[in-house]
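Per-chain residue numbering starts at 1, and chain names A, B, C and D are given in the order in which the chains are listed.
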Amino acid sequence: MKVGVLGAKGRVGSAVVAGVKAAEDLELVAEIDHGDSLDALVETGTEVIVDFTTPNAVMDNLEYCISHGIHCVVGTTGFDDERYEQVRRWCAESDGVGVLIAPNFAISAVLTMAFAKQAAPFFESAEVVEYHHPNKLDAPSGTAIKTAQGIAGARREAGLDPMPDATEQSLDGARGANVDGVHVHAVRMTGMVAHEEVIFGTQDQSLTIRQDSYGRDSFVPGVLTGVRQVADYPGLTIGLDKYLGL
Amino acid sequence: MKVGVLGAKGRVGSAVVAGVKAAEDLELVAEIDHGDSLDALVETGTEVIVDFTTPNAVMDNLEYCISHGIHCVVGTTGFDDERYEQVRRWCAESDGVGVLIAPNFAISAVLTMAFAKQAAPFFESAEVVEYHHPNKLDAPSGTAIKTAQGIAGARREAGLDPMPDATEQSLDGARGANVDGVHVHAVRMTGMVAHEEVIFGTQDQSLTIRQDSYGRDSFVPGVLTGVRQVADYPGLTIGLDKYLGL
Amino acid sequence: MKVGVLGAKGRVGSAVVAGVKAAEDLELVAEIDHGDSLDALVETGTEVIVDFTTPNAVMDNLEYCISHGIHCVVGTTGFDDERYEQVRRWCAESDGVGVLIAPNFAISAVLTMAFAKQAAPFFESAEVVEYHHPNKLDAPSGTAIKTAQGIAGARREAGLDPMPDATEQSLDGARGANVDGVHVHAVRMTGMVAHEEVIFGTQDQSLTIRQDSYGRDSFVPGVLTGVRQVADYPGLTIGLDKYLGL
Amino acid sequence: MKVGVLGAKGRVGSAVVAGVKAAEDLELVAEIDHGDSLDALVETGTEVIVDFTTPNAVMDNLEYCISHGIHCVVGTTGFDDERYEQVRRWCAESDGVGVLIAPNFAISAVLTMAFAKQAAPFFESAEVVEYHHPNKLDAPSGTAIKTAQGIAGARREAGLDPMPDATEQSLDGARGANVDGVHVHAVRMTGMVAHEEVIFGTQDQSLTIRQDSYGRDSFVPGVLTGVRQVADYPGLTIGLDKYLGL
């Protein structure tokens, strides 16, 4: 499969370039960056592009690629309903082209969130503990909040009672942040990168789902999964979940 | 919902009795043990029975219950294809009756196996580590072997390459047992009960799914889940998976 | 070694009785409970007693045993400086008798606290996460608070800077309780018993010390360690640390 | 404190250079590499050098530094008893100079080994599980073998019985490698770096000591600890343990 990378000189794009080069079933045919002409994509017979550019550039890139029958895997941010609608219209005019736009390509994080939702209805208790390097500005992480909201939603749908908690005497903050009834704890630790642990408990047992990111390139396997499957999903797909069989 | 327990004085049955009593939405109306008449079930208006008896007793129990329109949740062992077929015939004659027969009611263990299969296609590496008390006779545990086989099957279906492993120099046994290409390690530790950890790895990240059993009654929540849902699944269902949305 | 248990019919005492019986190097010669005469100790040639009685009873027990040359391992609560001083006077009059009074006999918890203090000076970051069943009334646990205080003290002595933490935007409670500058997080989880995790981090690495209690009798091995060693430590010893080589 | 780095352009040396620069209490005054004159050390008033050079170069470096009253922190390999003896002689002639030669500067790994030895006498069971990237050639890791030997030695000294293990039926390798009676398991996992877990168990409890290396520069904090303390330990010290209060 012939792959082109847009934003190829950026930090994220260059990790994608390295990942495509290392994959035996993929061939890197085009590296495009700011100022380069997109026509190289057509000239090289590019079948799938990966776009990690900027909100300013991405819509033009997509219009060009979709209209030329090139599938698109997009990690660039800045999408809203209006932009999604525009992409859908372009896809409708270009039969069979697949476009994947995902906010998070870290497979282990996407699976953690999905499994947490699946498990939630069957456990009395659920809490989230996330661990990050101490330079992080927000606590808890956006991923941890989203995970907790997913658990809370699944519990509501299943009609579960509130979690048991007999705490009467507590130091301020000891029980963590309360996100829709799910307690979330944030640890900040020199040396760590990004880690999330979801713990579920019921009689005589617990289930723990833990995701560890050891480096900055944990998005690469998810991007390559997108590249390999995007042709099988014509039209617009938002989020990696469907590609992961979730 | 009116519940009867068969095998109510056995160790497992008495834990089920306690679990039903403690559940606000369930009413325990009959406790049957060896030698008691099953007619008490009809007389008390039992809607669902739980059977943890013996291979010798369970088929008579099921015939009685199914023919009297009572749903059945069964943890008794000794079922084979012939027995399953017989239960299906009884169900066919008794419209709407649900029968759940499951070899494992520990929800956290069932979810761990299911999540492991779902995650397997997306990671280069996968290994299983299980931890048990030192009185256990077999290593690895049956659950760990089954988990490894599930991972191996999912990898085969997805067409994955063998896992990377550059080991050249190894002490005997260091890399664990090889179950269909998945390495499985068994730890035996005084104080521990039953614990299983499945670890998946790919570029810059890992995903860990861990199940801990802290006591002997970890099957109770799964049995109660069965009791609550069995009326929604007419006919024979084997294994708890479908009830857990898997 | 001939052992007597005082408070032998209490929940804790009866676990000690079972522990002594199971130990091949110890012989249980006396089981004393409320109302029984202590003279049975002398008559049976008891060498060491274990006292899990009440604050009302324990001082009379100690006076009797020390004056009769019987070593004492004590888990009964209610000791203050005045009582310790009294025990020291009795010991001074009874040459060679050893008395161990310890607030915590759970070896894994005592070691966790000691190791945490030893490690603290060498890491930029340190946090504590504790996990308990949801019926616990206080959060964080007393042990977790004590652990955090030990870490804080060791950091102060070593002249460490405050831990790095760039958090600017935080949900209330996300970063846990602040105990002398050490963040402590309390998880409450059905199925869990009592677990504590101390995490240390510095450049490119972390060190985690974790203690798990799976059942209520985790004090037994510490009591037996006390019984085996008390004769080697004449006079009063407070806390199990010295016996553990700490 | 004025610090010079020898082997400053090597991978390890350049990480030390960065670490010294980032430390507020240390001043980097000399970066020496192959071919540079050592006189720069004296000219810049270097108080401590760090040597990550080669077995060929290190002895000349040490003779120069010790004879000029400069303390030495050495991670270079290739030392044997003869070399240690030579260093001791040089130190004897140069009153008050401290030399630290250590095979392992990863503080978390050194502490894990030390704590494992301390804990070993008090637990019935102990096993080691190590996790590394799949390009590692040996299994188990040298560190894991050394940890297991330390545990085995401490158990022998304490006169402990062999660990309980009722395994009768086992897949080949399931119970790991047997290192002096301690079972050691090696996991190989894409995405992971270097991680070691030591687990101890006794009645109703376990103690886990875990070390995680997330990157290649985990030796830096140990080297800086050496630099800060080497003046307090005149003569030759082998291994970081004493500096860590072990």
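Keep this in mind: a residue touches a chain if its C-beta (ideal position, glycine included) is under 8 Å from a C-beta of that chain, and two chains touch if they have at least 3 such contacts.
None of these values were measured; they are calculated from a predicted model.
Colleague: Weigh A-B against A-D on C-beta contact pairs and write down the one with more.
Modeller: So, comparing the two chain pairs, more contacts are at A-B.
Colleague: Which chain has its C-alpha centre farthest away from the C-alpha centre of chain A?
Modeller: With centres defined by C-alpha atoms, farthest from chain A sits C.
Colleague: Chain B to chain D: how many Å between their CA centres?
Modeller: So the centre of chain B lies 46 Å away from the centre of chain D.
Colleague: Centre to centre, by mean C-alpha position, how many angstrom separate chain A and chain B?
Modeller: Taking the average C-alpha coordinate of chain A and of chain B, the gap between them is 32 Å.
Colleague: For chain A and chain D, let me know how many angstrom lie between their CA-based centres, rounded off.
Modeller: Taking the average C-alpha coordinate of chain A and of chain D, the gap between them is 38 Å.
Colleague: So which bits of chain D are touching at least two other chains?
Modeller: As it turns out, chain D has residues touching two or more other chains at 123, 191-192, 202-206, 212, 214-215, 218.
Colleague: Which of the residues in chain A end up touching chain B in this complex?
Modeller: Residues of chain A touching chain B: 19, 106-109, 111-112, 115, 118-119, 121-123, 200, 202-218, 220-221, 225, 244-246.
Colleague: For chain B, which residues count as touching chain D in their complex?
Modeller: 123-125, 127, 129, 131, 134-140, 145, 163-179, 183-192, 199, 201-206
Colleague: Which of the residues in chain C end up touching chain B in this complex?
Modeller: Counting only chain C, the residues touching chain B are 191-193, 212, 214-215, 218.
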